[in-house]
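Common to both upcoming complexes is chain A, partnered first by chain B, then by chain C.
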Partner chain A sequence: MFRSEVKPAVLRQVVDTVSIIVGEGKFRVNQDGMSLKSVDPTHVAMVDLELNRSAFESFEADDQELGIDIEKLKNVLRSATPSDVITLHLDEESNRLILNMGNLMRSMSLLDTRHMTDPKIPDIELPAIVVMDGEELERGIKAAENVSDHVIISMDNESFELRAEGDTDSVDLKIPNDLLLDLKCDKRVKSIFALSYFSNMIRAARASKVVKIGLGVDYPVKIEFDIAGGKGHVLYLLAPRIPG
Partner chain B sequence: MKSLCVLCRGTKALCGKNRCPVLVRARYWNQTRSLIDSLELNGSSPPGVFVGRYGYPKVFVGPLIPPIHGDTSLLDTPELWVGKTIDDIVGFRSSLIRTKVPIKIEDTDNKIAEIVRDISLAGSSIDLEATLLKKPFGRVVFSDSVQPLGPSAPLKSLDLSTIKLDQKMERRSADTDLKANPAVIELYKDGIEISRIEKSFSTGSYGLKRGRKLVPTRWAITAVDDIISKSLREKIKEHPTIDEYRVYRTIGIDNRWFILMMPLVWMYELIEAWYPNTTWNLYGGETAIYNSAEGYEGRKKYAEIGGCYYAARLAVTEKLLSERRQAAVLILREAHPGYIMPVGVWNVREHVRDALKKKYQSYDSLDSALEEVMKVMDIPLLKWIENSSILGELKRQRRLEEFIGDDGI
Partner chain C sequence: MIDDWCEKYRPKALNEVVGNKQGKERLMEWAGAWKGREKPQKKGVIISGNPGIGKTSAALALANDMGWEVVELNASDKRDYESINGIAGVGAVNETFGIDGSFVPKKKRLILLDEADNLFGREDRGGVRAIVEVLRKSQQPIILVVNDYYSLVSRSGALRNLTLQVDFRRPTKRGIANLLAKICEFEGVEADEGALTLLAENCKGDIRSAIRDLQLLALSPKIDDENVLSLGGRDREEDLFRVLAKVFKSNTAQEARTAFQSLDEAPDHFLLWIDENLPIEYKKPADMYRGFYFVSRSDLFLNRSAKRQAYVLWSYAIDLMTAGVASAKEKPYQGFTRYRFPSYLKKMSLARKDRGLRSDIVKKIDEVWGRGSKNLDLVKEIAKKDPETVARKLDLGDEELSFLVKG
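Then we have the complex of A and B:
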């Protein structure tokens, strides 16, 4: 059994954060809410999403998995207006997810979840953590995209820095400690990431304004932020590129 | 530049090619000329058609007609040309007279455009009687994407017996609610040869009624390769990866092909190396190397290296889907000096297909598979690695499981 009501904006945040990692998602629902762990096909990036039941207008679910075509759900959401409340329920007989928005009913067949893997989220200890305004970071990324396809992220106890180096041009965004919301960094750390993934992750964090980034030396980055007004949480992991 | 050909006249190999392309063309032109020295041209079209590009959106359109009768399908079916020499191919093509009438691309109701469309949908060779405005003239024309083209002649009128249309193509053509994209994919699934889909695509046979247009042959070839291989690519992504490194190879028309499949999700790259004095590197003193690649999501911009990229992608996705597997695929091509004239992208599609029909060698690591490059190709491995964006990407981008220990993700 699964039946819930949710505002389109909340569902849209879920779709936007997951769709940059996978096209098909295995959502787990239970009495606590909804969650998903997925790794992208190339095993470079991962998402761990939790959405508390309180993020929904109403929520009832037995413990089960729903295989959802994220692109399809994205399309369905295009026909929702902000004032709608979407009713979602599982029609077990036909194995379809039924969405009602006002007078509009949309049914979506669910995907077979048996071949979808259950990735383990690696327990990664990162020596440096920064909490900052996501908007400022987004500005840096936009500039970086014009000069390179990867970014160098570094931190020390005084600042956070994003650099991109092209053949002839470069971009440098340096934010001093006093403009950051929090910075814990004992030694200098630096890693390089594919900009395509990194920028999508930072853009997905737009929903929350505040983003937390964990960084190491040539190690995966952890990007965390809240969604649904603090009633949901997203964690991304992204594997680094080898320098040189 | 002063013409080397004038100094050489086919005797000194000044251009560095191992045979004189001018002489090869001239020989076939002389053979054909005596047969077509007239304003009447009677023969069986393979069936073949050509839609030109110059003057777009008003382009030259017409059937290809050889001055001979019978089953001439071999002359315009590149799927049958693997194993043929460059002389064979020039021979086939120089006997096909390219008749032409200028028609606007939207003007698919034009009488000649309709006949040409029916010819492109025909199931077998068709007897045609053409009246020409001028005698056929010109030599064989070569291009990277289109098969070599024979002498051309402006067309005055065309008489023909009834055409028996291929039923599968006719059905899609008659359906004016079916978009061109799915029509092409359906025809491919029905087993229609790529070259026939391409021909009928160029004559505006498919698509929604209002959107139908003539499509220059060279664009039609790549559009069809792209449409089909995109659809195959999305299907193979639903399947597991292969579980070994594979090397396939072949040689055709002095082109060497090395195809590496890796047990990873879809990625694809074609790297071409042109020796000095081959078709596309006439004056260079060094071997020129070019590549185009795509990651898991494919690419949005047209491939730098052109239509051959899509033709080879069709061949590899077709092979992988037949096994219900996916893989990362790297194709290396060396064009050696015997490749004196371009013969069209079919060369790429059909030779890659041919290589993939052969037995492959299996390896358990990328390094050992790559070592095989040294045995097959002249250009050193390091040079290939330097020029490969997917090998670079595999080397530089780490994966999450490398940080977790033995359990994997």
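Then we have the complex of A and C:
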């Protein structure tokens, strides 16, 4: 059994954060809410999403998995207006997810979840953690995209730095400690990441004003932020480029 | 669900792969070079050979031997620039997570492009370009698996330079028969030794089809000569080049026709190959003249069949392009002819690329100055005078800029 009501904006945040990693999602629903763990086809990026039941207008679910085509869900959301409340429920007989908004009804067949991977999210200890305003970072990323396809992220106890180096041009965004919300850094750390993934993750973090980034030396980056006004949480992991 | 024996008995280690001792040694040597501090000079290998002889199995077994994870691009995946770059390209330069929640830095992964020669012809949307780029920047070993080495490297000279060639041959029937016997033992299937030898012989080196046949026969209580013969000889797909050679070099109409029937190729597509290669093969003007007469007649029938949706006319078109062309020569030309990919298809794919570039540029103009397509000609003129400023303002790539300036 699964039946819930949700505001389009909340569902859109879910779709936006998941769609940059996978096209098909295995959502787990139970009495606490909804969650998803996915790894992208190349195994370079992972997402761990949790949405508390309080993020929904109403929520009732038995413990089960729903295989959802994210692209389809995205399309459904295009026809929703902000004032709508979307009703989702599972028609167990036909194995379809039924979405109702106003007078519009959309049903979509669920995907077979048996063939979807069930990744474990690695438990990674990172020596440096920064909490900052996502908007400033987004500005740096936009500039970086013009010069390179990867970014060098580094931190020490003075500042956070994002660099991109192209063949002829470069971009540097340096944010000093006093403009950061929080900075814990035991030693100088630096890793390089594929910009396509990194920028999508930072853009997805728009859902919240504040983003938390954990970094190591040639090690994966952790990007965390809240969605649905603090009633949901997203964790991204992105593997670094191979040095050399 | 019934297990597919081809998957179930896929070799786990390279030395379990049947035959191809030399090829396997070359692979081992190349893989060993990845253990050093420096990356080997050639980061890619092209394994070529007929279908079903163990090319993909060898690649997967090698990865298993080396403890490499595999990033695989299958034949069913899309093969355009974005897809190849998005999967193989990303895997080539980034570290990755294990599905078990592990992260091991500097772990090697094999990037495997199966049926890489399927990137070509009408479906090639920058696929070759993407592969070359991936080979250049990769930090990881790459294996391309193809049926026809030549048709792949003829598309790009860079591919030849960036890769090592490993040619796989058909394994001996003895090797295959031994494998079949092992599978029978494992599955508890009773089989005559002679029947397995016959099965191995009939498959003409294609291990995959031999195992498929075996699995089918295993449904009967005992496998003997009689039920092997009941399968009939398997018609093996001949590749394009061999069929072309048969059509051009055969002395009888019958031979040319049957050669085409064994090929899984639409007649209109095959006619393009005939059209391209006829003047290469038929050097005497009179032969060429008669040959092209049949090509044009054949084309007429193809066109009629499409227009009237009357595909029964295909049989005339096919007779003309095979038997007709074969009979056009006075006598067969001796020696090996190097056949070419149809230039018409090449041009078509270039034209499509140009259209793609054009629409990208129009989009960029639209974003910066508005009225994208209407301003295109104006921007072209400006670009001819001051390419740098235009490129900077519109954020153009090299290809886009050269398109603007030349057009």
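Quick note on the criterion: the second predicted complex is superposed on the first by the 243 of 244 C-alpha atoms of A that agree within 3 Å, B and C clash if a C-alpha of one lies under 4 Å from a C-alpha of the other, contacts with A are read in each partner's own complex, and residues count from 1 in each chain.
What we mean here is this: a contact is a pair of C-beta atoms (placed from the backbone, for glycine too) under 8 Å apart; a residue touches a chain by one contact, two chains touch by 3 or more.
Just so we're clear, the structure is a prediction, and the values are computed from it rather than from any experiment.
Aligning the shared chain A places chain B and chain C in steric conflict. Using the contact criterion defined above for the overlaid structures, shared-chain residue A:2 touches neither chain B nor chain C, since it reaches no partner.
Once the two complexes are laid over each other on the shared chain, residue contacts for A:39 go to chain B and to chain C alike.
Once the two complexes are overlaid on the shared chain, A:27 sits clear of chain B and of chain C alike. Contacts of A:122 after superposition: both chain B and chain C are touched.
Looking at the shared chain after the overlay, A:225 reaches neither chain B nor chain C. Using the contact criterion defined above for the overlaid structures, shared-chain residue A:198 touches neither chain B nor chain C, since it reaches no partner.
By the touch criterion defined above, A:146 reaches chain C but does not reach chain B.
Of the two partner chains, neither chain B nor chain C is touched by A:160.
Within the superposed three-chain model, A:237 lies in touch with chain B and with chain C [touch as defined at top]. The superposed model built on chain A shows that, among 45-53, 225-233 or 369-377, the segment of chain C colliding with chain B is 45-53. Within chain A, the residues touching chain B in one complex and chain C in the other are 39, 41-44, 46, 117, 119-120, 122, 124, 194, 219-220, 237, 239-242, 244. Chain A meets chain B in the complex at residues 39, 41-46, 117, 119-120, 122, 124, 194, 219-220, 237, 239-242, 244. Residue ranges on chain C touching chain A, taken from their complex, read 69, 71, 86-87, 90-91, 93-103, 105-106, 139-140, 395. The part of chain B that touches chain A in the complex is made up of residues 237, 264-265, 295-296, 395-404, 407-409.
Residues 39, 41-44, 46, 117-124, 146, 194, 196, 218-220, 237, 239-242, 244 of chain A are the ones that touch chain C when the two sit in their complex.
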